[in-house]
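As written, the chains take the letters A, B and C, and residue 1 is the first residue of each chain.
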Amino acid sequence: YSVRQTESAYRYRDIVVRKQDGFTHILLSTKTENNTLNPDVMKEIQSAMATAASDDSKLVLLGAVGNTFCYGLDFLYFIRRLTDDRKKESVKMAETIRAFVDTFIQFKKPIVVAVNGPAVGLGAALLPLCDVVWANEKAWFQTPYTVYGQTPDTCSSFTFPRIMGVASANEMLLSGRKLTAQEACAKGLVSQVLWPSTFSQEVMLRIKELVSVNSLVLRESKALMRSTNRSALEQANERECEALKRVWGSSQGTDSILKYLQKKLDQL
Amino acid sequence: YSVRQTESAYRYRDIVVRKQDGFTHILLSTKTENNTLNPDVMKEIQSAMATAASDDSKLVLLGAVGNTFCYGLDFLYFIRRLTDDRKKESVKMAETIRAFVDTFIQFKKPIVVAVNGPAVGLGAALLPLCDVVWANEKAWFQTPYTVYGQTPDTCSSFTFPRIMGVASANEMLLSGRKLTAQEACAKGLVSQVLWPSTFSQEVMLRIKELVSVNSLVLRESKALMRSTNRSALEQANERECEALKRVWGSSQGTDSILKYLQKKLDQL
Amino acid sequence: YSVRQTESAYRYRDIVVRKQDGFTHILLSTKTENNTLNPDVMKEIQSAMATAASDDSKLVLLGAVGNTFCYGLDFLYFIRRLTDDRKKESVKMAETIRAFVDTFIQFKKPIVVAVNGPAVGLGAALLPLCDVVWANEKAWFQTPYTVYGQTPDTCSSFTFPRIMGVASANEMLLSGRKLTAQEACAKGLVSQVLWPSTFSQEVMLRIKELVSVNSLVLRESKALMRSTNRSALEQANERECEALKRVWGSSQGTDSILKYLQKKLDQL
């Protein structure tokens, strides 16, 4: 997207928020590379969503500026903290993620995602916590948690097996298999794949239609869809964050992130 | 199907029921356009299913006469009632649907569906409450509830996300995306797509094989398959009907149906 | 696989077990035709898995020698027992299966399956109890339980509807539809299909990568993935085995197996 500057540019540093007619458009545009998430970015998203929850927005449209959707956690940020005080910081990190994920679980209005480019780690795992996912044909999806020496987050250990079966879920979560947009659509992670050249327009057309639905029906429909597994999602989030504390709190865990960052450095 | 007249023609007005060797064939053939359902049609189906439940039928084959499977609820019928006494009639409507859907949830013998043509709204949402679904290549599937200003019914808010993932389910239930038979099969709504020219024969061949299975195995198998989510289906049905009461009981809800009917009229 | 003889050849009769660097490779190689399972084979597998659970193996790789993966239960063995004392033996058979299946439900390390050829009955139903499933392009999958006059086993009445939706699951479990490797992959039974000529090498490459993951992450990841449905799987196993007792304990059930074996004999 080319994004007109709005007043939101003054309130947020790493996201762009545009209040539109009937919806709120939140775009990742982080100072970090590849729209990775650190606690500051997460808090900005949570704050923008809290505003959208209480104003007259009928839904939230989540996207990103540029050619990347989101590469997940900002490991450079996290490793600095972990090497400082592993026990304390691993707990803080896990709690930050838990609260961020819970914001999506509890959100009462539909969340539509426009996946403009690569969605990696938490950036891919977030999709099943949203409601409709439209992907650019050039986007791809990967959750290479084991490469970071990490266990699954963002409820993916619960949602991925539900959506695509345990065989495909494990190949993504354990073996880090990368999916094209078409593959992600066939497996149920994505609602529909749209052509790159008209991606933004196609998304906006569909958003306009959704926004024309009366708000009582939208709210009740989302409540119906989510009521069966809200508590299961809360429990999955809880369990995953407890596992993250154990992994990041161990020397094995910190070493794995360091090894991953070293490998990335070597590639440059 | 070309349907030979049987004694059932005298007992039912909107469906044709043929007791065959080992199974009961129920065909929609309503006086309303496009096999839409009003309380009378629903009660006829429930009555035919009650008979099939207690006689020596090993299974029920559900289909329709003509080129349409079922367009869901008969909104012309419903809007007449709603404009009469919104509060009272919205409750009656929701209760009628609740009981109809519950008949499918509780049915102990396999229900096979031969989807000969378009399956819309409740007509599509009903499929996951049945056991095997064979579709004519020309059939298509759509649940444009938001166009009617309505929330999902027939447990679709529970079954659709389970079957195809939340991203695809929401695209159908919120955005009203229309699926071809092949797409519906890829997403798991349909067991297999069969060619139009030999559709009836292919269905009958497969039914003959199923009917040759001993009845103890059929009954025990269905019980096993359904035991894990019967109570979840009952709760989904309950929740959805409560939401329908709130929506139809509001002026927004009635207006939406009127707007939808007006648009259809304008198109003629 | 061409299998080098190892010491395991002396301890097991119907399987080959090779302790490799970081994992245990268990290969079916039964004296029975088509790697069918009788209580002796099952006990050997359970014993090999118990060893792998407690040694330094990070995961188990399950496969088979030859061109067949596994044709499920050894009906020739079972029918001899059933015709002896139906009531007593049906209970014993069901209990043997229950314990075998429970071994897979409770296993705490990842189980990877290399499906080299046809996977039939219990041999196909076992796959969703494992974690990653790679299939040779020539493999195929079928659960023709009703042909054996049998109800679903190995939790398939629970896992199949979850993975592929009720419409596809019933077509496999009631109508015995045979799936190609590609179809099984599209439906979520299989993680990925690999080419026959390089199947073993491709599997080994991927195993090597998985084995390089630190064991804390592997164990915690598997625990997260399975925690949501372990008790549901235990209950499904229990229910299915109770149904098997009722079916096999009836004259209908024994007759069905005899009829099936007679038909197979006639085909020779």
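To be clear about the criterion, a contact is a pair of C-beta atoms (placed from the backbone, for glycine too) under 8 Å apart; a residue touches a chain by one contact, two chains touch by 3 or more.
Model, not experiment: these values are computed from the prediction.
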item	value
Overall pattern in which the protein chains touch one another (line/ring/star/complete/other)	complete
Interface composition of copies chain A and chain C: same or different, split at half	different
Fitted rotation between chain B and its twin chain C in degrees, CA, nearest 5	120
Centroid spacing, where centroids are CA-atom means, of chain A and chain C in whole angstrom	36
Chain B, residues touching no fewer than two other chains	162, 164, 186-187
Chain B residues touching chain A - in the complex, by the definition given at the top	145-146, 149-152, 157-158, 161-162, 164-171, 173-175, 177, 186-187, 232, 235-236, 239-240, 243, 246-247, 250, 252-253, 256
Touch list for chain A against partner chain B, complex	110, 127-128, 130-133, 159, 162-164, 186-192, 206, 209-210, 213-214, 216-218, 220-221, 223-225, 227-228
